[in-house]
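Here subunit A shows up in two complexes: once beside subunit B, once beside subunit C.
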Partner chain A sequence: MSSMDEIRATFFEECTELLEQLEGGLLRLEAGEQDADTVDAVFRAVHSIKGGAGAFHLTDLISFSHEFETALDGLRTGAVALEASVVATLLRASDRLGDLVAKAADGEVGDPSIPKDLADLAARAASGGSDEDDDFGLLDLPAMEEAFTVTRIDIDLDPGGPNAPPSGAAPTPSPMKPGGYWEICFEPLPDLFASGNEPLYLFRALHVMGRLTPRLIETDLPTLEELDPSQPRVRWIIDLVPSAPDLTETEIESVFEFAQDLCVFSIAHCEPEDPEPGAQGTALPANVAAGKPDPAEAQLSSVAPDAPSAPAALAPEPKPEAAAAGKQPDGAAPDGKAKGGLSTTIRVDLDRIDRLVNLVGELVICQAMLTQSVLKDGLGTNSDSASGLDDLQQLTRDIQDSVMAIRAQPVRSLFQRMTRIVREAAQMTGKDIRLETEGEATEIDKTVVERLSDPLTHMIRNSIDHGIEAPDRRVELGKDRVGVVRLSARQQSDRVVIEITDDGRGIDRERVLARAIERGLVPADRQLDPAEIDRLLFLPGFSTADGISSLSGRGVGMDVVQRAIRDLNGTITTQSEPGKGSTFSISLPLTLAILDGMIVRSAQQRMVIPLAAIIETQTLDSARIESISPTRSVVMLQDRFVPLLDLAEGMGFARPARAEGAPPDEDSALLFVQPDDFDAYALRVDAIEAQRQVVIKGLGESFGRVPCVSAATILGDGQVALIIDPGGLALAAESIRSPLPAEVQA
Partner chain B sequence: MHVLAIDDSRTIRDMVRLTLEREGIRSTMAVDGMEGLEILKAMDPQPDAILTDVNMPRLDGFGFIEAVRALDVFAGIPILVLTTEGAKELKQRARNAGATGWIVKPFDPARLVVALRTVTGLR
Partner chain C sequence: MTMETLEAPPPTGVPRRGDGMELLTFQCGGRAFAVDIMAVREIRSWSAPTPLPHAPPFMLGMVNLRGSVLPVMDLAARLGERPTADSPRNVIIVIQQGMRVHGLLVEAVSDIVHPVPEQLQDVPKVTSDEETSMAERLFVVEDAMVQILSMERVLPALPGLAEDALQ
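Entry: the complex of A and B
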């Protein structure tokens, strides 16, 4: 990646943050926190996006953000009042800006049209007398695009005078004849030194262009007692014989660009037949000889007495330090993060952190292997080596936790994104919705935060589309006209629970059951309790929407949501009360790198079953197993029968032949597992070896998606073990997927 | 040459850093006027020039320049203002605050370098 590509990537990364700041600020404004700092922060976010967009020729972004910025400037100047309708317009504009950024990031050009409400707002802002942006705001688009091309630069240091672009149209004199030279008159005005311009440096820049013959005119120099060293009291006439004959007046002028309003300056082009440099007088170009020096002198004599003395000039009216100090408390970063002067965060490439996470994973494995070999070598648990290993284990755990904490991110940005989803969904369905959020500071792995976006979006749309009633209906029901969707996050031991709650009609279980029967997902005569009915929502191919609504009926069901959550080693559950609303709870591990698992053996393979899915274990001889057909068995779990599956069979491993009638392995055990979207079933394994935290290792892309297997791990002895996906296993096994005959149900 | 560059946009900071790096010019970055001021006071030796954005949180470009110019030790340090605004009003404010020059974003890297060399007298 070239450096420029990297900066481009940085720009879009920064845009994401700026868009979050923008939206966060607008939402604060909407909530009534209408202070100047928030308005400034919102303005700056758009301003920065425009600035960066300019560097990459993203004209659609530039024109849109410019209009947006103009509208926001109206808030700053007070030309536009902060009414609810204005904030709504700005929020919509921020959504559009987000779209344009996303398009630009994909290398596409978005729709550059300016929505009418935003254009009106910008017009109001501009007419309200923005004193800062006047000439810029009036630029038409083509001119603006030109202004934003990187190949050209506008350096304008002449606040009072005509704006002459350096690459301007000034007619260039014909190439200099051999022996020709330029005569430059330069007389600094009193403020030149205060601006940090140094005549010596300007002469150095001229010196690069050719041979200089400077003459100092010091006739105005006062006596030493009267001399104020901060005040320039001399002028120069410099003859420049260019080393390149095609040196133009514009090029020479460009050296003095920064000083143009702080000096009296003229350039004359002298032919070789002109008198020798140094001979002042008659033959000099008319403007130099007659005009220029005289007005300069006049100006100097008229300016000098009035001009503020240097100390005054160097200490302007408002005490800057006091002003600066005064600004700090209220001007502190709006999110309150950047306290003190220096930033306390550093940015680190995610790859580096992942490498560290991986290495720590290896360290954990290595430490476990070392522990095993120490014990194998006969060193007792009381030996120095063993106790040293204990310390190492503790340290390794601490390192692991610390490294995981680096990847942790608050869910705030994720929740903030959902405000837009709610807004859009409310608009499309014509419902009034308020989003309440809680626990935004709850931290979870960055990848989890990113991958939760789609499932959350889908669930929130579902809640609004299917859950919350139309406003009129709500009023009829005696509910508040405005429906509430709550999004909350909290940490519960080593998991994070995210809940989406709505105060709508709740799950219509009759309809859900009818639909499931209609689709053949459950037998018509099947009696299901409410929780079982709710779980039907997550079956593949289930959709309650009678007609495809524009919002949630996009062919994506809750099964996809569940799949996404399961990919994150998470689980999803529902709670619903008719007429009161529903809650969907997502429980997620704090990290994607470690899994609590049960290490089991089956057909001489060692595998890991996620502990979260195991509800009970039994030894084989204590279990009550009934055979209901040659290929199917069930086993009693508490007071009901559940299907039984042999793990090795389910995984398709060949069992070593065993003598007919031989007694079953005495270590054989049953694990009762309950995947999210399936009823519980029993897994027969040859032995349960240990319960342990394992480091999750991806299978590698070349394997693609392996049914029944979610990942792999390396065990303490260095062997690889597969981590089993109980849901996938159930899906693959016909004996579990198909419902049990009615007679076994009892 | 060593330049102190102040901009709240990471994108612009990166572009400035890259531009200067390619010309062998050292740069130190600050994210706003307040941080710029603190870094400037801590810099030894002083930077040869300062490049600052106008619109920044906490302390904007004008406030920064005024604060720098108020300290005698920094009176002669060249300060170039780097911003998207092209309005004369803003330029005059920057000039009044004590800015040495004005460069409009997006900047042409070559011109930025020439400008810096001109105001510092350094190659």
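Entry: the complex of A and C
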């Protein structure tokens, strides 16, 4: 990959984050959090995409994001009011922008046309802005003006110097007289005010040393509606022409002595440059635009004329609050410019983390083997070696958790993606849907987050298409017109549970059963309880939609969803109440890398059964086994009979011939397993060897789908062992899949 | 196959590198085969594979390839011959085909050859012969014929990958 390609890849990675910020911001606006910070964050996101697109000559992206940006600018200036319809337009535009980015990432060309609603919005924004131009009369709110009046810190020390032209003035680096000057960057941190310091005194102290030309860095200033006066928001670059030529850096530093830890400042000595004509000696007041002209700057600039025109002394009464008023913390600094500090995150190639995850996995295996051999060699559990190994085990677990934490990601981005799905689905079905989310901060493995996207999309579409009634119907039923789809995530011990709930009509069990009988999935005379009927939804080839709707009926059903979840070692369950709605719960392991399993032997093969699925074990001798047909047996579990399956047979492995009537292996045991979507059943194995953590090795691209197996692992001796998927095994074994005849139920 | 091709003298001295192709030749079911050496990742000795459930007979199972799991198939069985007999001489050729990595169990690896274009022939059309269809071209040297296998054809289609995509 050439370096350009890498930069490009980084850009698209960033785009993904920016799009998430964009959508998140718009959703907050939609939810009524109409503060200026949010508008700014949204604007910045689009602006950054545009900027990056420019670097790669992605013209479609540039023109679209430009229009988008213009429209958003309208929000910032107030030319466009923040109405629901506007936000809806912007959300659609953000979807389009996402599409364009995705296309561009694939090197394709998207549909560059600008939707009319967006163009209208942009036009409104543009006209609204240009009317007032530099005046920005739309900011004439008295409160704001007041705020600006006090905001102004006029530290123009050169009487007679003209007031700065409003924004648009060339951001000239105020030039100095021959002999060089000092450039001091000064940025107060929040604590500066909290500890009673006052920038004014610092300026005064500097003023003693020579002539000051302060420049206010006023980019990313928020609008003034949401000012937090206790927070400093302004930064300055101060050019100091020393009156004494031998002024040293230390002397300047001493000015900041008491504010040393309360501000970020840097001092650099500059040689005089060729000054710009006319700028010579002109001390600009504190409003030199330092970046692109944007409304925020303009707002500040616009107060200049209102400010006292006598610039003479230092600012009239620049209280700390006043100084603070000009700038507001933009907390998260979402544009990635960690101000005055170090960035606290790094980007790491996922491969590197995966390598680490793998290594830690090997470490877990190695540690387990070592423990085993220490015990086997007769060193007691009280020996030094054994206790040392205990410590090692603890450390290994800690390392493992830490590595997993690197891969963990909040489900927020996933949930956010679903808002788009809901929006589109609602539009297509003509239903009013509100998506409620909860527990977005819940963290889960990155891969899981990614691979959940499709099943969740499908389930949400299902909920909207099949679950939630049409608005009129809802009104008739006395429900709120707007249907609610809830998406929640929470951690439950070592699993994460994600629930999709709708307040629709619930599963129509009669129809489900009728359809299943019609499809031959269940015999017509079979009596099924509601939970069994719900489970029919997950059978391959089942689809309740009478006509294939464009939304959810694409020939894939819940069986595919279930398989996708099962691939993640997850389980899915349903709950439904007619007329009230349905809940689909997905339970997922926190990590895909390691599994607690029982290592068993069957037909000379060692296999791993996930511990989570095992509900009980019995020795074969003690089990009560009844034969109900030559090929089918049942076994007593607590107070009922469950089907019995031989593991090797279920896997299709040939059993070594055994002499007729010979006693079974004395180690033989029964594992009662309960896959989420099946009844419990018993698995006969030749021996239970150990209970151990195993490292999951995905079968992935080289295998395709392997029946009955969720993954593989490598055991201590280097041999590969299969990790059994009890649900898949049950599915493969017909005898378990069909519920037991009623008469056998104890 | 024509006599003319067979008579074409193999080049002496510096081998002419036909179309730049390098082939790994090996024995399988008593016949000679070859694969493009660019597809060969490594050759490893035999180790007992762990069987896969409900797999076709040619699918032997999987082995541990330095911490990752490698599917191994018996090439002879895949070509419709009798399964390769267990022998410590057997080797597994690890083939990389796109994202897929596969092991092929063969009897023995023979040589690396650089065929010249004259030595390469298209496979004559033989109707509905499964095993002929696995060969991409033929490589004829002296009095022997080596089938150059097409890995796309040898590797079985993966069940459940394409049709399971959700969207």
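Observations, loosely collected:
Heads up, the rule we're going with is that the second predicted complex is superposed on the first by the 492 of 746 C-alpha atoms of A that agree within 3 Å, B and C clash if a C-alpha of one lies under 4 Å from a C-alpha of the other, contacts with A are read in each partner's own complex, and residues count from 1 in each chain.
Here is the rule we use: contacts are C-beta pairs under 8 Å (C-beta built on N, C-alpha and C of every residue); 3 or more make two chains touch, one makes a residue touch a chain.
Computed from a prediction, not measured in an experiment: that's the story for all the values here.
In the superposition on chain A, A:E362 makes contact with subunit C only, while subunit B stays out of contact range. When the two structures are aligned on the shared chain, A:E251 is found in touch with neither subunit B nor subunit C. Shared-chain residue A:S702: touches subunit C; no touch with subunit B. In the superposed model, A:D95 lies in contact with neither subunit B nor subunit C. Look at A:E198: by the touch rule set out above, it reaches subunit B but stays clear of subunit C.
Contacts of A:D60 after superposition: neither subunit B nor subunit C is touched. Residue contacts after overlaying the shared chain place A:I714 against subunit C, while subunit B stays out of touching range. More residues of subunit A are in touch with B than with the other of subunit B and subunit C.
By the touch criterion defined above, A:E649 lies against neither subunit B nor subunit C after alignment on the C-alpha atoms of chain A.
If you check the complex, the residues on subunit A that touch subunit B are 3-4, 6-7, 10-11, 13-14, 40-41, 43-44, 47-48, 50-52, 54-55, 131-136, 147-157, 159-160, 163, 193-198, 200-202, 204-205, 254-255, 257-258, 261, 314-316, 318-321, 323-324, 327-328, 331-334, 338, 341-343. Across the interface of their complex, subunit C is touched by residues 358, 362, 454-455, 457-458, 554, 556, 560-561, 563-564, 605, 650-653, 697, 699, 701-709, 712, 714, 718-722, 732 of subunit A. By the touch rule above, subunit B contacts subunit A in their complex via residues 8-12, 14-15, 18, 31, 33-35, 37-39, 55-59, 63-64, 66-67, 69-70, 72, 75-79, 83-92, 95-108, 111-112, 114-115, 117-121. Residues of subunit C touching subunit A in their complex: 48-55, 61-64, 67-71, 98-102, 157-161, 164, 166-167.
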